[in-house]
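Look for chain A in each of the two complexes below; its partner is chain B in the first and chain C in the second.
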Partner chain A sequence: MEERRKERLDRGIKIRTDKIYALMSWRELSYLTMPRLVLIVGILMLPFVVPGMYWQRVISIVCVYALLALIFDFLAHFVGLVSLGGAFFIGVGGYLAAILNTSAGLPPIVTIPLAALIGAAICTVLLLPCLPLRGVYFAIVTLMYPLVAARIIEALDILGGTDGIMGVESFSSTWTEQYFIILMTLLFLFGIRRLVNMDIGLVFRAVKDNDQAVRASGINITLYKAIAVFIASGVGCLSGACLVHIYMWSGISLFSLDFSILPIAATVIGGAGTLVGPVLGCFILVPISELLRAFGTLRIVFYSLILVAFIVFRSEGIMVYGQRKYHQFERWVKI
Partner chain B sequence: MSSQSILQVKDITKVFGGIIAVNHLSFDINEGEILGIIGPNGSGKTTLINCITGFIKMTSGKVIYHGKNIEGKPAHKIADMGIARTFQIMRPYYTLPCYKNLVIPLFSPRAKRTGGWRGGGKLGDRDTVGIDILEEIGFERDSFVPYKLASTLPTGYLKRLELARCLALKPELIICDEIFSGLSMSEIASMVPLIERLQMDGITMIMIEHRLRELFQVANRVMVLNFGEKVIEGTSEQVMADEKVKVVYFGSEGAEEVMKYA
Partner chain C sequence: MGILIYGTINSVALALMALGFALVYGISRLPNFGHGALYVVTGFITWSFFRGLGVNYLISIPISIIIIGIIGALIYQFILIRVRGMATSEIIASYAIGVAILEGLRWGGFKGMTYTLPVFLEGSIDIGGIPVDFHRMIVVGAGAGVVIFLWFFTHHTRIGLALRGMAQDERASLMLGIDSDFMAVVAMGFGSALAGLAAVLLLPLGNIVVESGYNVLILAIAVCIVGGLGSWMGAVIAAFLIGFAQILTVVYLGSHFQMVVALLAIILTLILRPSGLFGRQKELEERV
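Here is the complex of A and B:
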């Protein structure tokens, strides 16, 4: 019997610099654009494919989590700040949108961008003292923020206390709700992907790689960390504002740790450092979590098993694995 | 050579807990000069430059740069004023290609003002400027080397990349922390002319070294440190001939031994 071995070759489509592509044919053009097209069209089609109102609502919630997972991945793998403050961003954005809507009477189309901007400013200022911290230390401190915020609202009975703020205006229809948040997800996914490859994005990545060398290059690292946190918390607050308009209610459950923890699980499953991976991770995890509702309290057991299986068998994440396979030829050769 | 002093270090002291790392040290460096700093391990050389460049706070003392006291300023401000440094343990951005490593210093406010190394006040495309700097520092432009990930490069190139990062800021003073260490003899041999060329371009340099032969070749003046104190300061010949330096390096018995063979 003749012996064979599997040969793997990288596709030589990228040449020299990462800005110039040598495109020879429609085939290569589609090789580059297909994955993006499949993703965009796939997500845009979702509201049509899913059965019933309940699952349409799930899509909106998935997108809220997807935005959070996206900024977790951005902060953790491109700036070096492991942030567990996702719930804080959601809470700040959510409460701001609720106040702007109920007190000032602004429509959702105005409250959402306003909540994102004001919320980003508030979160950045509040996180400023933690910016000299790195890695797990930053994670611990950011985890305190949502816990503290919820207890303050509860204890001081401000902003509606434990009842929350009721009567927030909803989106004009389910379709606008879904397409607004889906488009936002796609916009920020591709926007942040572009950002990390721009010159300012390289500075962010350099801060993660080696912050001392960045200081030696005459760049104020705290400033750039603050810019990154501003961008990330802006996106987080935007998703929080959307969530409040979906639920038509804002309460202290916005600060619940689900919003901090699930994005991390999604990043592990989707593939850290790919940006698109965490988004896809949410599209897997959140629906699974909904499906498992039938099992009652056992739900968390199944959920954990799925997570463990992913970590043991595909610890690199779906997207890292997928990208590698996509860029490789595999064939059997005789030896 | 002009004798105007660019940097004056006045009475620096740095104490770590109970250990005096730098002890009341003062020295001057003139414009266009290369000052070598040598001394045994733990004599406070790296601590000294960490103090000067603002990476650690000095306990007491003053650093006068161009007539201004820069003591207590943050590291990025000091780099912004034109004092660039290399690190003893190289600190490239391993996940970025070499030429992208230079985008970061070129993004700094100082590079925007000066246009980067050789730049005439206007900064062009950062990638192109980065590759130009790399070529000047000894990366072959037509090879793959400038486009490789920094994590795949050998030590020789990484040391040059450290220097390139300094040059991208268009500095007036470069402080090199053991730029020759870990290099092969041939790599050092090709570094020496580079250092000499930088001096001809008008850059002042402070070089901390353990490779004495090469240092004495390029340095105008050499200062010897031991236990954070200055042992002697003078030309290479003066330092080599000095009794105290031999004691510092070889111990009192060792010095006698060396003298026997000398």
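Here is the complex of A and C:
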């Protein structure tokens, strides 16, 4: 039998557009900007396209998950901290927003940024002792944080106990709600993409690849990890605060495992390490899980199985696959 | 006196839950987050045999333990072996499998108070004025039996020695002709069977509910981490530490705090001493 292998070559236009020549023709300009424009316009158009109030609400929820998936990808694949505790960020941000809104009477436009900043500080301080941990140890310890927070609130009966905090103010209309959180998603998506390509992003990636080398260069690893966690938990707390204002309620279900698992599934499906992939993964997974809501807990079975299938058999994800097809020729050649 | 007796019982229960997890992690470095699911599934298999098909209780127990061992081995052989060595993928994949199993059971209608297994022996006995039922005594005896059996198995049988060799140095054991993939499958099978054994011993004390799967997982992780991942004797000692700590908090603080103790134990151990009390990891592998 004749043996063949698949050869991959970069497209000419990709090589040209890597350089300054990108500005030479409309074709090359559009090659560079089209994918981004399609994404931005597509997401901005979504509230007009979907039918009915229910699905508009789903868009907001999708964006909450998208932010979480984004920071999971950022922490795991650019800083090397695999954080299974997305729910902790959501919970801290959500409770802070609820308290600021119900006790201090601040409007959502003030509580959300405040909750994000204070929440980021709280999460960073709480996670600080775990930052030297590596790999599986950090993953386990972060998985435990939301669980312990929920149990402590339950046991001490503080912050409304199992009933949660009711009567949180909602956004002024569904349109402000959707566009606020959609713009936040786009802002942080492109912001973090920019961040990882700046100098500080270089240090982050070096910490992930070889922390001893970074240390030998006289750079404080824990400081950089703390900065990364501060950024990530700020985004996470922001999405948690938005979620509380969407639901007008804050309770211990904010710490539930859903918020830790679904973003990870989205990252695996969308393509790890691309930052766009996780967001797209959320836009695929969350609506599917909404469609399957009629099946009750069977939908969790579905997406667990999808997750297993992807992580075991197709671990590159949709986005990496898509980028390859976009940038490269593939052809079979004889060996 | 009550604290001493029930602390011991609780500790042995914890040790039973954790040994399977410790065994699998110790040998194949797989943090098996599907452990809790295997535990609950055994309960349902036993229940189906005993109540559904009307098989004798004493026969349905060993059958279901063997079945769960095979299920565990199959999960490893066909799914988890492909992500072997990638710690994060292993955690996510095994956890997803566990969640799929548990939520599938919940969807299949296994919820509520209706699913119970009978205790082995009715009745109770007074020890120092404290009534202790026979089943709990059997649990303690069985726990001791399992620990002794495991020690004998890993020190005096071929497979046990091979497993221990792999746990200590995988490359060296490969050179000595030990098939490490096959041994990992065997270890997973044994670990699952131990989870099943814990299930048939402990589930008669309460109802079979899906939630207990998640709790068992957390408790098993707590015990293994405090004892040091991969150290079996450490796991047994840690089970006693956490077991007594839990009983003491229940007596002096209230039963809400039982889970908090386990979770805080995990976090504190990981922060202060990631390799646990008896772990033999290298310091540099776990923290910077």
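What we mean here is this: the second predicted complex is superposed on the first by the 294 of 335 C-alpha atoms of A that agree within 3 Å, B and C clash if a C-alpha of one lies under 4 Å from a C-alpha of the other, contacts with A are read in each partner's own complex, and residues count from 1 in each chain.
Heads up, the rule we're going with is that a contact is a pair of C-beta atoms (placed from the backbone, for glycine too) under 8 Å apart; a residue touches a chain by one contact, two chains touch by 3 or more.
Quick caveat, the model's predicted, so the values are computed rather than measured.
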item	value
Which superposed partner A:Asp209 touches (first chain B, second chain C, both, neither)	first
Partner chain in contact with A:Ala76 - chain B first, chain C second, else both or neither	second
Partner with the higher number of touched chain A residues, chain C or chain B	C
Partner chain in contact with A:Asp199 - chain B first, chain C second, else both or neither	first
Which of chain B and chain C A:Ile261 touches, first, second, both or neither	second
Partner chain in contact with A:Ile221 - chain B first, chain C second, else both or neither	both
First, second, both or neither for A:Arg57, with chain B first and chain C second	neither
Those residues of chain A which chain B touches in one complex and chain C touches in the other	212, 215, 221
Residues of chain C that touch chain A when the two form their complex	31, 79-80, 82-83, 87-89, 91-93, 95-97, 99-100, 103-104, 106-107, 218, 221, 225, 254, 256-257, 259-260, 263-264, 266-267, 270-271, 274, 285-288
Of all residues in chain A, those that touch chain C in their complex	76, 82, 84, 129-130, 132-137, 139-141, 144-145, 147-148, 151-152, 154-155, 211-212, 215, 221-222, 261, 264-265, 268, 295-298, 300-301, 304-305, 307-308, 311-313, 315
Residues on chain A engaged by chain B in the complex (per definition of touch)	16-19, 199-200, 202-203, 205-206, 209-210, 212-221
Residue ranges of chain B in contact with chain A within the complex	53, 55, 74-76, 79-80, 84-85, 87, 91-97, 100-101, 103-105, 107-111, 126-127, 147, 165, 168-169
